[in-house]
Amino acid sequence: MKYINYFILLVFLFLLIYASTGLPNRGDLDSVVNRDRSPSGTQNASSYYIRNAYKDTHTPNMVTAVLADYRSYDTLGEETVILTAGLICFLLLRRRRKDDEE
Amino acid sequence: MNMSDIYTSAVPLYAVLVSLAAVPLIILSAKRQNLREFWTIAAGVVKFILVLTLLPGALENRVATVRLFEITPNIQLALKADAVGVFFAIVASGLWILTSIYSIGYMRGLGEHKQTRYFSYFAVCLSSTIGIAFAANLVTFILFYEILTIATYPLVIHKETKEAIYAGRKYLAYTLTGGVFLIAAAAWTYQLNGNLDFVPGGLLQGLALTAGTAVPLFFLFIAGVGVKASIMPLHSWLPTAMAAPTPVSALLHAVAVVKAGVFGIIRVSMFIFGPDIMVQFGLNRILIVFAVITILVGSLLALKQDNLKKRLAYSTIAHLSYIVLGVGIMSSTALIGSLLHIAFHATMKITLFFCAGAIYVHLHKENISELDGIGKTMPWTLGAFTVASIGLAGIPPVNGFISKWYLGAGAADSGQFLLIVVLVVSGILNVAYFSPIVHRSFFRKGQEQETQKEAKPAMVIPLVLTACLSLVFGLFPNLFFSFFRLAAQAVTGIFGGPLP
Amino acid sequence: MLDFFAGHYAYWFILVLLVIGLYGMIFKKNLVKKIIGMSIFQVAIILFFVASASKWNATVPILEHGIQGEALVQYINPLPHTLMLTAIVVGVAINGVAFALIIRIYRRYRTLDENTLLRNMKDDTE
Amino acid sequence: MIQNNAPALVPLIFLFAGIIIPLAALKLRSSAYFIALGATLASTIVSISNVIFVLDSGPVRYFFGGWPPPIGIEYVLDPLSAFLTAVINGITLIVLIHAGKIVEKEIQEHRRVPYYALVMLFLCGCNGIILTGDFFNLYVFLEISSLALYGMVAVGDKKAPISAFRYLIMGTVGGGFYLLGVGFLYVHTGSLNMADIKEILPVLGTNPVVIVALSLMVLGFGIKMALFPLHGWLPDAYTHAPSASSSIMAPIGVKIGAYGILRILLFVFGIKFVTQVFPIAQILTWFSAAGIIYGSIMAISQDEMKRMLAYSSISQIGYIGLGIGLANPYGIIGAVLHILNHGLMKACLFLVAGNFRMKLGHSNIKNFNDTLRKKMPWTTAAFAAGALAMVGIPPTVGFFSKWYLALGTIENKSWILLAVILLSSLLNAVYFFRIIEKIYFRSPSSKQEEKEHQSRKGTEVAASMLIPTLVLAGALFIFGLLNTIIVKGVLMKVLPPGM
Amino acid sequence: MHWEIEITLFIVLILVALISLAVRNLLTAVVTLTVFSFAAALLYVVMGAIDVGFTEAVVGGGITGVLMVVLIFKTSRRSSD
Amino acid sequence: MKSNEDNPITTLISSIVAPFILLFGMYIIVHGHYSPGGGFQGGTMLAASVILIRLVLGSEVGQLQFNSTWGTPLGSLGVLIYFGTGLAAVFFGGTFLNYHFLPIAQEASMKRSLGILFVEIGVGLAVMAILIAVYDDLLGEEPDA
């Protein structure tokens, strides 16, 4: 098991080093992420957000706009995750209510 | 190649289902023995009649076909009653009736436990054997083949002793492995062709195969069906499985299961590969080599056995390879010999097993060395035994002679005279391992008092009947079921030549 | 070359952090240490996303009234930030569950050492 | 209204049930089970009607918040996702009917409310993963389902929290890898939408980033699906989880990872990329093959039935991985069919294990003997059916998945893989017939053991547990015989474009 | 993007992470982790992600820290590695 | 955990600070549109305030402020608010979470803005309740067994 762990760690390290050679420069305005159109010609999501967030949602904070409107389903999922965590703590640790013990 | 006339008829399906339908009845009437066994025999008779109704059509090259539904794309769950299938089905279902009667005597005579389970699985086995006989394509064949494997397992371990459980394990290990190879082979064939129907003359015929494909594929097939046919390196489950009750050994290990394997070899060689491809890539030689080795070694090993049923088992191994040999010779005469041997070996070997069972039930003796003088106690039984052993040695007038004759003639036709020598040697070996039994039982004095008389009629009548059948077929091979014409018809379908 | 370094040094630091986190999760035997490793791992992933979002001479993604039209590129890409908010919450949730599990484990086995626990698990036949 | 929102309906029903259960339980605790059952029933109906709908009128895309894909999140209801949701919900429905009684036995009363809520959230996560067309949304739902699963495992026996913790660590690593993969992919393509990325990738060409992103995602899902050698968490988790949890997670839980790999490899990156440019598909097949053998061999040496089934799951997961890795039509059909088939088989076997635990209080193979058969004839018969299916005897479902996988391996001319598939079915036979022998033919070895069995009176389990078991056992044969309908009707349409 | 600050913070992060994993006293480890979270939050802010930084500060420095301390008081403070 | 009830300074300061944190948390929730923050951060702050009281004044006093049995139901309620907002959009003819269909304002962008607000309130409530519940559960007494 130990060797598998080392192996995983090494594979991981190798993968990351390999990948970092191919990453675009940070902050490069011409990189694919920051263009208006994706290479295949579809709308790039983030530039759309930057341009239209206020118009669409009347919300200057783009992060909030994206979080709670454009990608609000993600946020619903996020709430569900929190709820799940709460339920698990309930499930594992909560004692019986007093009135149950009778 | 004469095209066969195909018509739709559900009779093959009914023939398969009838014994399956008997299973719930058998289970429901578990408490009432007579009713339960009535169901067994009734199902046997109905099944036999159903199969017989297919006989005229098969003789006239009219093939009853029933297609149920697609089981995998392009492949239907389909049954067809062609000549070869009907041939095998008649043998299996006919002998089932006799075996059922015999089983009743055997099981009651020994007061065996779990008789309901025994009879119900027996019915399932027969169902799947008929399914194998009538399977119209490889997938249907595999379906019934595997069901047969599983359904035989409870019968093999019926006694539930350590030995029986070991035998069951070994049996499963071998046959499941075989099944797996068969699946692989089928998958490969499907990949080559997109179809798995059994076509007289070969499904793969006309396909541009290379030796690199044909030979490994053939080996896969042989590994698949060869286990049940107990070709030599794959045979060792059969003697072990003799731990089963004798009727099981009789019907399954002389007729249904092992013949299903041999039948599989016929189906594979003649209906999947076809004679042309077999000869083109020398595949038939592979079969011949395996068969010859099995015949000789099996016979020699039979000599060594003291346990009567084990000796019979090795004899079975050797005789199964006669059939394989006939297939391998690739001439129509030899194939007729093969087919006839399926039927004739069945009648003879079942007689022998019935005798062994009768001796065991009646005198509780299993070993040959203990048989001294029992011929006087059980004259009918041992008489039948003698007839059957003469037949297996290939001596006229018993039917074993006929099948062997055709095998020999086929070998001579194709110029493989060495094989005739093999047949003769094996005949001599047959004499060598059967004559001591006959000799001991009739001509040696045993310490057994002659107070005891013959075994129960439920056991003696079937074995005498089978012995008589062997004799009758030896004299008139076309009587009752037109075995000879049926075999000839089947061979015509495959080789396309005129009747020999 | 200098551009390449300037554009990638953050990734290399993050890479180191990722490996440290993974090391903590896999090799540390104390359960709390594993959780610490997990936190480091999560922070590293978040850093990766955040770092990839940044732009030269750009400002935070909150709209100011002065910036209009083509100048909008001056805002940092808000999408990774949003994703990472979600990821942080997920991380908190996982942490909460892990804490609950650790407490349950400690109540029964009175230890937080993984080796001891695994040994106890084997001995503790029930 | 329902028709318009059909793609999103299934996860939302489960989510709603998950939210409402803690609230409804304030008034009436016993309502939790019935809400859960009702939600599962409703979503089963919806998902089956979705399958019919999709087959009739083609894939549907559903935009959350009304934003078209690259901007918002979409759900894609194509034949693959429709089929898999139907499979998941159908099996869960049956398992949940069975779970009612066994949860009453194994889980204390005040824990049942959050337990059922977690089950609902788990299913919400699973369905969300299958339906979503967005990589990050997939991550969120992956975490929902994983977290819920940790909880469902941890509530089991005394050792369950440790197993759950190990599972959590492994699962978080997996989730982290996946998220990192998504990150790389996003940095490279600037999009999170699967369909969008599929369009963009060929334009951008091969790049280390893409390869690493793919590897990380596959690694992440590999951990979630317990692909050998990343399976470490699975046996303990299955063994120590309560019976209800293990019979829900065994047929469904690991399949989610398999689905993820299938979707990413063949639908997003495309067959050409994963087989020729970066042969991760081949790597996947070899690891799967190793897993098949490893799982089978380990299963042989187990004494606890659930643990044995767990190792057998590792092996069966290998089949799915192998089918995906073959990257040809037969392989994919085999893999997807095996997701259904293995779901049915494992559900059936785990329900049997649950029945044993219910009546005997244990599921130790060592202590099985033929009194079991006398007491529980139907349960043991269901076990035999499940065992035959696992071995792959026709006409059970197991045979047909093997059949398609074998066809797939032959098409790729990978003879070793073919041998692995066949060998493993023999190994399966070894460990299943071992139990069958014990159940059917082994008499109690000692007087004491016999007495113990005598003392535990009672015969078969209650009908609400028995009927689901038998339904699943029957399904093994029915689905086997009718597999052509599924293969021709659904799975042929599942294949990714270009096949 | 301010590379001087970023590099400094990165180095701090790595050091703190290593310390946090290395110390035997879990309470120290947890407090160090809180420091780690704060440093990370600062780094996010430097990189322009104010929201993320804010959240990380609230969560990592606040709630998670408190919960971890609770956890350690409920269990044990010593660690063997 | 040992309570610090005896220490007057901590008691005083946290009693003063806690309400302000509470207020600030609420501010963050509703002001998420314009400045960093939002439901999650605000909710966490609310939870922090409650937990602070529990830490300093002991769990019993804390119970008066926020009973630990409320945690899960309130959390569910928070998620339900979110879910309900989405569902309302469905009922008025849109897709799930499409605030455009909510019958709350005239202008399209204002509808979305208000939708975001509702959602954020739900998030804040859920996060606060659940974090407090988790804290309480972690701190719960050990069972007798």
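Letters are used for the chains, namely A, B, C, D, E and F, taken in the order the chains are written, and counting of residues starts over at 1 for each.
The rule is simple: contacts are C-beta pairs under 8 Å (C-beta built on N, C-alpha and C of every residue); 3 or more make two chains touch, one makes a residue touch a chain.
Everything numeric in this text was worked out from a predicted model, so none of it was measured.
S.K.: Give me the step distance from subunit B to subunit F, shortest route via touching chains only.
M.R.: The least step count works out to 2.
S.K.: Find me the chain with the mean Cα position closest to the mean of all the protein Cα atoms on display.
M.R.: D
S.K.: Between C-E and C-F, which chain pair shares more contacting C-beta pairs?
M.R.: Greater number of contacting C-beta pairs: C-E.
S.K.: Rounded to the nearest whole Å, what is the centre-to-centre distance of subunit E and subunit F, using the mean of the C-alpha atoms as each centre?
M.R.: The computed centroid separation for subunit E versus subunit F comes out at 24 Å.
S.K.: Using mean CA coordinates as chain centres, what's the subunit A-subunit F distance in Å?
M.R.: 21
S.K.: Can you compute the centre-to-centre distance for subunit D and subunit E, using the mean CA position of each chain? Integer Å is fine.
M.R.: Each chain's C-alpha centroid was found; their separation is 37 Å.
S.K.: Any chance you could list the residues of subunit E touching two or more other chains?
M.R.: Touching at least two other chains: 1, 50-51, 55, 59, 63, 67, 70-71, 74.
S.K.: Which positions in subunit F touch two or more other chains at once?
M.R.: Within subunit F, the residues that touch at least two other chains are 34-36, 38, 40, 72, 75-76, 79, 83, 96-97, 99, 127, 134, 137-138, 143.
S.K.: Please list all residues of subunit C that touch 2 or more other chains.
M.R.: 6, 10, 18, 22-23, 26, 51-56, 58, 61-62, 79-81, 83, 85-86, 89-90, 92-94, 96-97, 99-104
S.K.: Hey, which residues of subunit C end up touching subunit E in the complex?
M.R.: Result: residues 6, 9-10, 13, 16-17, 20-21, 23-24, 28-30, 32-33, 35-37, 39-40, 43, 46-47, 50-51, 53-56, 58-62, 76, 80-81, 84-85, 88-89, 91-92, 95-96, 99, 102-103, 106, 111-113 of subunit C touch subunit E.
S.K.: Flag every residue of subunit C that touches subunit F in the complex, lowest number first.
M.R.: Touch list, subunit C to subunit F: 62, 85, 89, 96, 99-100, 103, 107.
S.K.: What does subunit B use to touch subunit D in their complex?
M.R.: 69-73, 77, 139, 142-143, 146-147, 149-150, 154, 157, 160, 165, 168-169, 172-173, 176-177, 179-181, 183-184, 187-188, 190-191
S.K.: Using the touch definition from the top, list the residues of subunit A that touch subunit F in their complex.
M.R.: My answer: residues 54-61, 63-65, 67-69, 72-73, 75-76, 78-80, 82-83, 85-87, 89-90, 92-95, 97.
S.K.: Can you check the complex and tell me which residues of subunit F touch subunit E?
M.R.: Listed in rising order, the residues of subunit F that touch subunit E are 1, 36-38, 40-41, 44-45, 47-48, 51, 55, 131, 134-135, 138-139.
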